[in-house]
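Beneath this line is the structure, given in structure tokens, with notes to follow.
Naming follows writing order (A, B and C), and every chain is counted from residue 1.
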Amino acid sequence: MARMTLKERYHHMTRLGWQPTYQPMEKVYPQATYEGIKVRNWDDWEDPFRMTMEAYWKYQGEKERKLYAIMDSFAQNNGHLNLSDARYVNALKLFLQGVTPLEYQAHRGFARQARQFPGEGASVACHMQSLDELRHTQTQIHTLSHYNKYFDGFHDFTRWHDRVWYLSVPKSFFDDASTAGPFEFIVSVGFSFEFVLTNLLFVPFMSGAAYNGDMSTVTFGFSAQSDESRHMTLGLQAVKFMLEQHEDNVPIVQQWIDKWLWRGYRVLSLVAAMQDYMLPESPMSWKEAWEIYFEENGGALFQDLERYGIRMPDYAPICAAEKDHLSHQVWGILYNHTAAAAFHTWVPDERKMDWLSAKYPDTFDKYYRPRLEYWRELEQKGERYYSQTLPLICQTCQIPMGFTEVANGDPMQVAYRSTEYNGDRYHFCSDPCQAIFEREPEKFVHAWLPPQQIFQGNCGGASLEDVLKWYNIQPGDNLDYAGSPDEQRWLEWKGLAAAREAAE
Amino acid sequence: MTVNSIGEYPVLPRDVVDNFHGNIFVVLGWDKHMMISSPMAFPLPPDMPFGALVQEVMPAAFGPHPEWGEIDWATVEWTLDGEPFTPDMEKSLADNGIGHKSVIRLRTPGLDGIAGVGI
Amino acid sequence: MQIDIKAREIKPVRQTYTHLKERFGDKPMSRYQEAIYDVQARENFHYRPTWEPDRELFDPARTRITMGDWYKFLDPRQYYYGAYCITRGRQQDSVEQNFRFVEKRGLVAAMRDENRALVLTHVVPLRHYEWGAYLNNNQICHRGYGTALTAAAQFHAADRLGNAQYLTRMALLLTGNDPAALEAGHGAWMDNDAWQPLRRLMEDSLVVEDWFELFVAQNIAMDGLVHPLFFDRLEKKMTSQGDALLAMLTEFTAEWFAEEKRWADRQIQVAAAENPENKALLSGWYGKWRDLAVEAAKPLAGAVLGDAGEAEAIAADMDARMRKAGLEV
């Protein structure tokens, strides 16, 4: 039998398409050209990984077998009792409400790309990613199902993702990608998020899980890692392919990279707050993660892409200036509005404040500790501060406008940006969010902005009570951690555990 | 720039004034008082007097701040949609030039926030 | 530290997620139920798709089929990702054994020349047919509504890619790794008269807009003709002549089709039972694509079985399936 290289063999295993002749190309692949990306030859596509379905089934099936065995034993042994503290669980709530539905959207989006890319190599890689993303959706739901049985804030995550104010941040991010053409989608999800930013999501959640005794989530995370490495190589390959196919593609790709790194960065500000404040034991600060994964690794990547004419987005200095403030500002926003959120916030204890002070020596003690101490004072008087009003949110990223002019030397002044379109004003948190709007105003005027929707009467009524009912946020899901049913149960369980240990 | 699409892309703004049942969407922000973590938004009747905005609406947003009671209203510096402006407390929001999605900001010289750093 | 506390002391607050509790009450759910129900976003979409601006991102109006609850489209196999991959992974062991057996026993050399030639010209081109089916099921996943059906469609797409890859392996095994066999198969798919009606039908299906019609066209009508023709009738014919190679190397595909039919038929049954309009639509689509598929299968049945009329016989089995699923046939 003649020898055949793995590469040749994989080529034959996947080059299964044909040039249609009974129907025109543009009807069979209607999404292939409208974004202006020019492809001279799909045969130039280099397969980023070579995995047949047969290998995929075997490999993934084996991983699933192991993962579910650990999930089962975690549940049987009440693994949640080994957590560092019940506050940690709020990170998982944010994950299930905010991230899991995005995995699902990625699944559907990559199915579209598998159908729409005329090149078989690209199609097959997208198809496998679509399967993987479904895996992540479902294994996350299954992993967190145990937590849902013992903690509030998990039970209605799909409805919350569609309705609740802070979840419109991740939802609108992915709606934006999913409603874009196939090439923009792959730059947004495959490259910007999966390749450049993924560690900034992965490290806080998965290392956070390890640091806080959550073996179930750790196992999920490691099990997902080999999928993620495939996704990263696909994202990079897709971008290089576009850049190599035609020089006219370069400015289009640059514009998408500019847009999507900023969109991703803004979504990750929620992760920054989670990482610095929700994790009782933190593997690293947001600032450290940003420096390693974006400034160093991302910097090297952009040097590598220079030969294609791609440059680092020009707003990078804004991110650099914000890194000392981002997590604190967003925690402040979440703290203000926890009455309408399906997770808890709190004023960190002294030990945590000292950690924050060590990690943010230039800003925490000066700008953020006094605020937390004042809130703690109010709390001790029985007057825990909850905002009674609704925030102005950014038309693009949909985060309440709590970001400041830090890049312009004024860290305690809210940054206001606005523009007019068709006779109406639109407000933004930053120059990049404004620029994103101005490139596609037709799209962004249609954004479903929670405060505006409440005022228009589309969310169950005008009072907080009405809106919470429409959200289906139940008592116990919201408000401060102190005094929550989560806290009460935790203390009870741990007390029981201590008593039992003593008896033995 | 416009969006690339297959077929015509409909322009469907969700937040036009007609959707607010007679109200306008008004934004209030107190500069350098970051305990209130962002500007706040309100649906308000355009014939509401500006004085009522100050006395009835603003406290809902800013009242919890320890400096709220200390404001000397004679020295407040106002801006409306980025321009300096002197409101007439008796006149309505509309007659003060406040429109749908206007931003009203107040600056309170001498009140520098908690710890004197703009909180 | 081992924490040893009896279950009664650590009581769950609830048994499952709210969207499942609303359907079934507060009790423990299966992995399938938690993985499938209500996972797709339903409302408050932020932007219109640039690729279809007159619709929402997920929009039930991409088909004329209407449903009160799109999560009635359950999978009788209860596949969620883990169950699906574990099942398929396990099946690969017997596939491997079959390929090894064929090599070890020299079944390729023992095969009759005319059967070997027939496999190369009339089975190997199905690589492209399976690829078309893969595209169509990705399309159903992309444009469909409700995770119950769309997730199963994505597993189905993966199966089709797997089928195409097994056909590729078979061609390479038959020819001692000669890629010319694949080129010849591609050539037959593109130019051989017997294949053209089927290729035309496949290309016509690729431009069908209504995703449920596409489901009927691909997963019921075309597959209902093509799979039994090649992986049942032809296989049996060759086996009866002493050539078990085709049966052994496509055993997975044949088993898969038996399994897949249960799922596909259930979807038709559920949609048809929902309301008379659905039933009428489905019956119409089925009649249209069935007749087209029969015509497309005739020259192939003639070529591989020597009897073009066998296409009608296969269609009669399929008609019986669809009658059982509730359609007017």
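Note that contacts are C-beta pairs under 8 Å (C-beta built on N, C-alpha and C of every residue); 3 or more make two chains touch, one makes a residue touch a chain.
On a predicted model such as this, the values are computed, not experimentally measured, just so you know.
**Q** Counting only C-alpha atoms to place each centre, which chain is farthest from chain B?
**A** Result for the farthest chain: C.
**Q** Could you see whether A-B or B-C has the larger number of C-beta contact pairs?
**A** Looking at contacts between chains, A-B has the larger number.
**Q** So how far apart, in whole Å, are chain A and chain B when each is placed at the average of its C-alpha atoms?
**A** Measuring from centre to centre gives 31 Å for this pair.
**Q** Provide the C-alpha centroid distance between chain B and chain C, rounded to the nearest whole angstrom.
**A** Whole-Å distance between the two chain centres: 58.
**Q** What positions in chain C touch 2 or more of the other chains?
**A** 48, 50-51
**Q** Could you pull out the residues of chain A that touch at least 2 other chains?
**A** 30-31, 34, 181, 443, 446-448, 453
**Q** Which chain B residues sit where two or more other chains touch them?
**A** 3-6, 9-10, 12 - these are the residues of chain B that touch more than one other chain.
**Q** Using the touch rule from the top, collect the residues of chain B that touch chain A in their complex.
**A** 1-6, 9-16, 19-21, 23, 25, 27, 29, 31-32, 34-43, 60-61, 64, 66, 81-82, 99-103, 105, 113-115, 117-119
**Q** Quick check on the complex: what are the chain C residues that touch chain A?
**A** Listed in rising order, the residues are 1, 3-5, 7, 9-10, 12-19, 21, 31, 34-35, 38-51, 57-58, 80-82, 85-92, 95, 127-128, 130-131, 134-135, 138-139, 141-142, 147, 150-151, 154-155, 157-159, 161-162, 164-166, 168-169, 172, 176-179, 182, 186, 189-190, 199-200, 203-204, 206-207.
**Q** Would you tell me which residues of chain C are touching chain B in their complex?
**A** 48, 50-54
**Q** For the complex, which residues does chain B have touching chain C?
**A** 3-10, 12
**Q** How about chain A: which of its residues touch chain C in the complex?
**A** By the definition above, chain A touches chain C via 1-4, 8-9, 12-14, 16-18, 20-23, 27-28, 30-31, 34, 52-54, 56-62, 64-65, 67-68, 77-78, 81-82, 101, 104-105, 107-108, 111-112, 114-115, 120, 123-124, 127, 130-131, 134-135, 137-139, 141-142, 145, 148-152, 154-159, 161-163, 168, 171-172, 175-176, 178-182, 443-444, 446-448, 453, 472, 485, 489, 493, 496-497, 500.
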